[in-house]
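Below, each structure is written out as structure tokens.
Look for chain A in each of the two complexes below; its partner is chain B in the first and chain C in the second.
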Partner chain A sequence: MTSYILRRLAQFIPVLLLASLGIWAMIYAVPGSPVGALVGENATPEQIAAITARLGLDQPLLAQYWRWLTAALQGDLGQSIQSREPVLDLIAKRIPATLQLGLAATLIGLLVGVPVAIASALKPNSLLDRILSAWSALALGVPTFWLGILLILLFAVHLHWLPSASAYIPFFTDPVRALANLALPALTLGLYISGIFSRFLRAALLGELLSDYVRTARSKGLRERDVIGRHVMRNAMLPFVTIVGLSLANFIGGTVITEAVFTYPGLGRLLIQAIGVRDYPLIQGCILFILAIYITINLLVDVLYAYIDPRIDYH
Partner chain B sequence: MNPTLRRLLAHRGALLGIAYIMLLAFTAAFAHLILPTDPLAQDLANTLDPPSPEHWFGTDELGRDLMTRAIYGARTSLVTALGAVAIAGAIGVPIGLVAGFFGGWRDAILMRIVDVLLALPGILFAMALIAVLGRSQAASLVAVGITGIPAFARITRAQVLSLRQRDFVTAVEAMGGSSAYTMFTTVLPNAWSPILVQVVILSSVAILLEAALSFLGVGIPPPTPSWGDMLRTGKGFLYEAPYYAVLPGLVLTLTILSLDTLGRTLARLIEDRQSAEDDA
Partner chain C sequence: MAAPVVSVRDLEVTFVGAGRPVPAVRGVSFEVAPGEVLGIVGESGSGKSVTSLALTGLLGPSARVSGQITLAGIDVTTADAETLRQMRGRDVGMVFQDPATTLNPVFPVGRQITEGQIAHGTLRREDAATRAEALLREVDVPDPGARITQFPHQFSGGMRQRAVIAMAMAGNPRLIIADEPTTALDVTVQAQVLSVLARRQRESGAAVILITHDLGVIAEVADRVAVMYAGRIVETGPVAEIFRSPRHPYTAALLRSLPRIDDDPERLTAIPGQPPHPGRLTPGCSFRPRCPVGHGRAICETEPPDRDGVACHFPGEAVAAPPAARPHAASTNTASPLLEVTDLRVEFPIRTGLLRRQTGSVRAVAGVSLSVRPGETLGLVGESGCGKTTTGRAIMGLIRPTAGSIRFEGREIAGLPRGAMRRLRRDMQYVFQDPYSSLNPIRTAGEIVAEPLRIHGLHAEMGGDAYVAGLFDRVGLPRAMMSRFPREFSGGQRQRIGIARALALQPKLLILDEPVAALDVSIQAQIVNLLKDLQRELGLAYIFIAHDLAVVHHISDRVAVMYLGRIVEESDKATLYARPLHPYTRSLLSAVPVPDPAARGGGRRIILEGDIPSPARPPSGCAFHPRCFRASPLCASTAPEFADHATVPSRMACHHPMEVAQ
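The block that comes next holds the complex of A and B.
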């Protein structure tokens, strides 16, 4: 198992290296000097000197990249132009907010998506299946930002039940206020995620329900609940986990957009604000960080895959 | 009539989708002839007016007619999406064709590059690219286009790999057809249908991505009318003018749902046809 994980890790390293090269090169692609991009227009000569020394701008390009990469790996992502704070600190402050939103939305996605998938897969092409499939198409097709606006209009503007802009309140500090602030963004993102779950789990279940072992299980008199729960679900998890892994990129996009709709102070919003003021060290840091998370989750999905399917040879 | 086309038209959802997209494309293309109003004409005496017989969607914070802007926004959106899909296809299809046709080291190198591109979340990639290039319609188009390359490359490669085994391709090669001749005159013409399905599906993805970028404030810069930007501005007036963000959002949502339904129906029909051919 360990060697399998290490092997998968080795396959991700080229992706991460290539991506980090691209993120590093951003500064050099921006019109003007890289120092200007990194310290901003109102920099003092001391700051310019410090950055020049840090980047080693008199060194060959490859050496400059190496310096940047080793610094980043040690947690030194540079300093924000706007706030002059270390980029890593700014990112670290936003992580709990995004994590809380992501977990709540995934929970909603599972609670809605899995029952929908099972109900429609059990009676394919029935009226219920067609209604539920249309529901999945809507959940996937309606843009997250429009759905978020509609929910704000209904629950905040019209009914005055929930706030229209969501603050981050840690769940364990004040559960009631945390839920009030989290409800709309989590629902917006969660409904989208439920669309991914229900569409692909339904397809996976349908494929399995046609198998011989299902007929055997049914003909030996197993209750339908056991046929689905013990046999079909376990096998359908495989294609499903693959798809969820592939959909991770959409999760990340959805989070960035949801945070923007509800002015929720998460990582995605930090990135958008950074792009708005051209705070390049912060942009680089956010993108590198989100990418690292994305690749880590991808790796976890792979490991989960091997765990679910003992047939996969990971020795 | 082509049997696949006939079956497509028999599908109610797909038919509605086609009708909606055609109507949208037509009004967007001839907007300057059909509509009496200018999308940039301000009327500061009538700002944030609710929908009325004069202004069906109401007016925005500068008194501009929102329906006119939504229709010109369709122009922006469709042009960006088509441009992006064209870029993605022009780069992705040849990659898939060469990788699938030759196999070996060409396949390994090309598909590894495609995998790296596929491994990056599209919106993150687009935002990074725009952070470097600056906000413009061209930057959005290129950024959205590049994120579509892997889909074209993979689908073309898969198609070419299966065609490569067919007798008629072997026959052309046996008769001395060069690689380029076989690729372009024998393989590619038979690989079109799944690629065209991909064009439809990617158009809907491209429209959504472009609108998302504009909504985030990094897409096409104002005053060019774009759906994402209208939703972004409208979100600031939810209490004063709730219809502002609702109606342009509806136009956008219907566009995406239409293209998505059309794409998935086409994909299913072509799959049916291919399995029927395989059985025959």
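The block that comes next holds the complex of A and C.
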């Protein structure tokens, strides 16, 4: 297993290198220049030249890439053009907020999606199954920005129970205020993802229920709840874990729309702001970070596979 | 006589769904006494498995069950779900067909064995490990203490089936239902598992219902037999009587259609047609369309028969042909070989570690030499994993050989470039085992058969659609079926399509990889006869790859026995079956269940210990020595040469061949 993890980590290197090249080259692929965005329209050619030189944009392309890469490898993703703060600091400040929202949303998705899937799979095509399937379709179909606005209208504007704008309060410093601020954005994302979770898990459970080992388990005289809850569930987990991992990565990478609706200080909004002002070092840093999140969670999912299914042998 | 453990009266099971209701079981009655083994034999769709599931209340919600089933005093058809749940595992244990899928892959074997008892409250959790270990020991699993924490994939097929038997016996049930318990196993492993099952049955005094399509297995272990056809028991009686003097024409025909290693007729007596689909039964007797007795008799077409427990209007008119060993003309084929394979090796690399370095190799084929003459059939037989399929594929060029020479019509073809190999495949075609997955489901039968012609650009040249229609005639399929899709064909018909496709390019050699293994007994005989006819008419050479020694015996001129990537013995058929020299051949032959209850026991059976070793870690010296009953220290150190025997016209690789009986 250790060898497998090391090998997977080694595979990160070419992936990240290739991605970094793409991310870095992005600056030259989009119209407009960062200097133009920085100095404004009335700058003199001398001012532009000075800033270009300060940013190193007058160097040959490969030299620029090399400098950026060696710096990035030492943990220096450069300075934000806009705020002059180190990019790494800006991202690091947003990570706890984004992590907290992503985990809370995934948790809500699981708490709603898993029971719905099990209830559906126990009696497929029953009335309950059809009602729950309709619910899942609704959860998937309603746009998150619209659901977010509805929740704000109900809980913040009418009932005054919860704040309409969600600040980031670390859960462990003030759980009550943290939950109050987290509730609406987490519910918005969680309900949406519960639709995906329940559909995937229902399909996986129904597929497993046709397996021979289910008949064997019943022939031993096991109770139906143990047949489903133990035998079938464990096997259905394999495809399900993949989906949960992907959606978690998606959330941690930043949820642009939901963060915008709730003015939540997550990574998604940081990236959008950076794009708005062509803050290239910050854009590059954000994308690189999101990529690393995806790769890491994928690795965690693969490691989890081996714990769920003993047949998977990572050598 | 003691009260029966299970008694079934007028059982009917009908599946209702979107379409017409499908009557799967139509009025079945039987009893099984304590300690008795009832064999239920029948082809696919005969209703034998549905009967067993009805007995335990395990049929799904789409099944409508009527009639009376009394199992251990419980009225199964009226009992509530909780009563049935408590009955399962306590009063009845079940063994299913495929041990690869009947165990849950994600839980340790030991836990699965005792799980039922814990659910019934008859075993405390803290005693579970000890109990599982004891149960595994009773079914001869070596080192049971270590085995209980292992997962199913760490068990071999035979070990898994023993674990399933241990699981079925865990609650000391009064009835064991074994549904095709050895069908998925190799013949030497089948012999082991059957002997374990029989011993555990004797020790526990349980009644057994053994469901199988294999008349040989029935003859080995059953006390009484019920023959099922189209949802009914057509005949039932003591095993010796059924085999000696069957009264129903179906039973008689089934016995005649079997290839046997103790008989060598020119042709098998196939049953024409195919078993009826339960949803499309004819009125009157369901066997009438295939029956040799009832033809033209009006009563068979109108009245469902039932006389003295035999479902036939004219019982006793059918006679089983007694096995009579007729001398078969010895092969006098002296033509120069069409195909000559010398020291063929196929190795697959094993890569491990951080840098994926090659740390070993699986020697799937470890030096095979064989030859096939025009018009001749070479049978290539061996158990799973012995490399017989890999050999066939390497000859076809579907797998690149690691070393060795393959000469076709005198020309070296190993390692030919792709284009040249493709042209060569005109002369050499392959028929696959599984007729269900080897035909493209979205093309019509006509297109499938014509495809090789189109690939080689010969469709017009060979005569276009008329030629393809001729191929359909040749394999016995109506031309009207050319426009149908594979799903509309039965298994036997699909295999005919596969054969027609292989014949399209007029090859000289067919490599037939288990072509009848997936088919019912009565259909198997039809296909074997077809292959023999085609060979005679077209002068084809066959390499017939199979694990079934009886089928190989029937169709082959010469037979090569493979074990762990090597040919251990090769000879003409008569010599090999009558005077096996290699201990492996000897035990393989002795393990074949013979469909003759009179031959039961007699001490002829050699049950091999253990499993086939992994080709990634073959034993030193002679690969067979760890399982061999004649092995000496020499065998562990030195691999024997594959060479001619002094007195018997065979080639074999053994230091201590069997003595030749004069």
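Just so it is clear, the second predicted complex is superposed on the first by the 257 of 315 C-alpha atoms of A that agree within 3 Å, B and C clash if a C-alpha of one lies under 4 Å from a C-alpha of the other, contacts with A are read in each partner's own complex, and residues count from 1 in each chain.
By our rule, a residue touches a chain if its C-beta (ideal position, glycine included) is under 8 Å from a C-beta of that chain, and two chains touch if they have at least 3 such contacts.
All values reported here derive from a predicted model rather than from experimental measurement.
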**Message:** Per the contact definition in the header, classify A:Asp226: touching chain B only (first), chain C only (second), both, or neither.
**Reply:** second
**Request:** Pick one for A:Ala19: touches chain B only (first), chain C only (second), both, or neither.
**Result:** first
**Request:** Applying the touch criterion given at the start, work out whether A:Leu110 contacts chain B, chain C, both or neither, answering first, second, both or neither.
**Result:** neither
**Fill in**
Of chain B and chain C, the partner touching more residues of chain A is B
**Prompt:** Taking the superposition as given, does A:Ile275 touch the first partner, chain B, the second, chain C, both, or neither?
**Reply:** first
**Request:** For A:Ile297, decide between first (touching chain B), second (touching chain C), both and neither.
**Result:** neither
**Request:** Mind working out whether A:Leu138 is in touch with chain B, chain C, both or neither, as first, second, both or neither?
**Result:** first
**Request:** Could you say whether A:Ala260 touches chain B, chain C, both of them, or neither, answering first, second, both or neither?
**Result:** first
**Asked** What residues on chain A does chain C touch that chain B touches too?
**Response** none
**Prompt:** Which part of chain B faces chain A closely enough to touch in the complex?
**Reply:** 112, 115-116, 119-124, 127-128, 130-132, 204, 208, 211-212, 215-218, 228, 231, 234-235, 238-239, 242, 245-246, 249-250, 252-253, 256-257, 260-261
**Message:** Taking the touch rule as given, give the residues of chain C at its contact with chain A in the complex, in rising order.
**Reply:** 56, 58, 85-90, 93-94, 96, 98, 101-107, 115-116, 119-120, 151, 153, 164, 167-168, 170-171, 352-354, 356
**Prompt:** What residues on chain A touch chain C, complex-wise?
**Reply:** 3, 6-7, 10, 211-213, 215-223, 226, 230-231, 234-235, 308-311, 315
**Message:** Going by the contact rule set out above, which residues of chain A touch chain B in the complex?
**Reply:** 14-15, 18-19, 22-23, 26, 29-30, 137-138, 140-146, 149-150, 152-153, 156-157, 164, 248-250, 252-253, 256-257, 260-261, 271-272, 275-276, 278, 280, 283, 287, 290-291, 294-295, 298
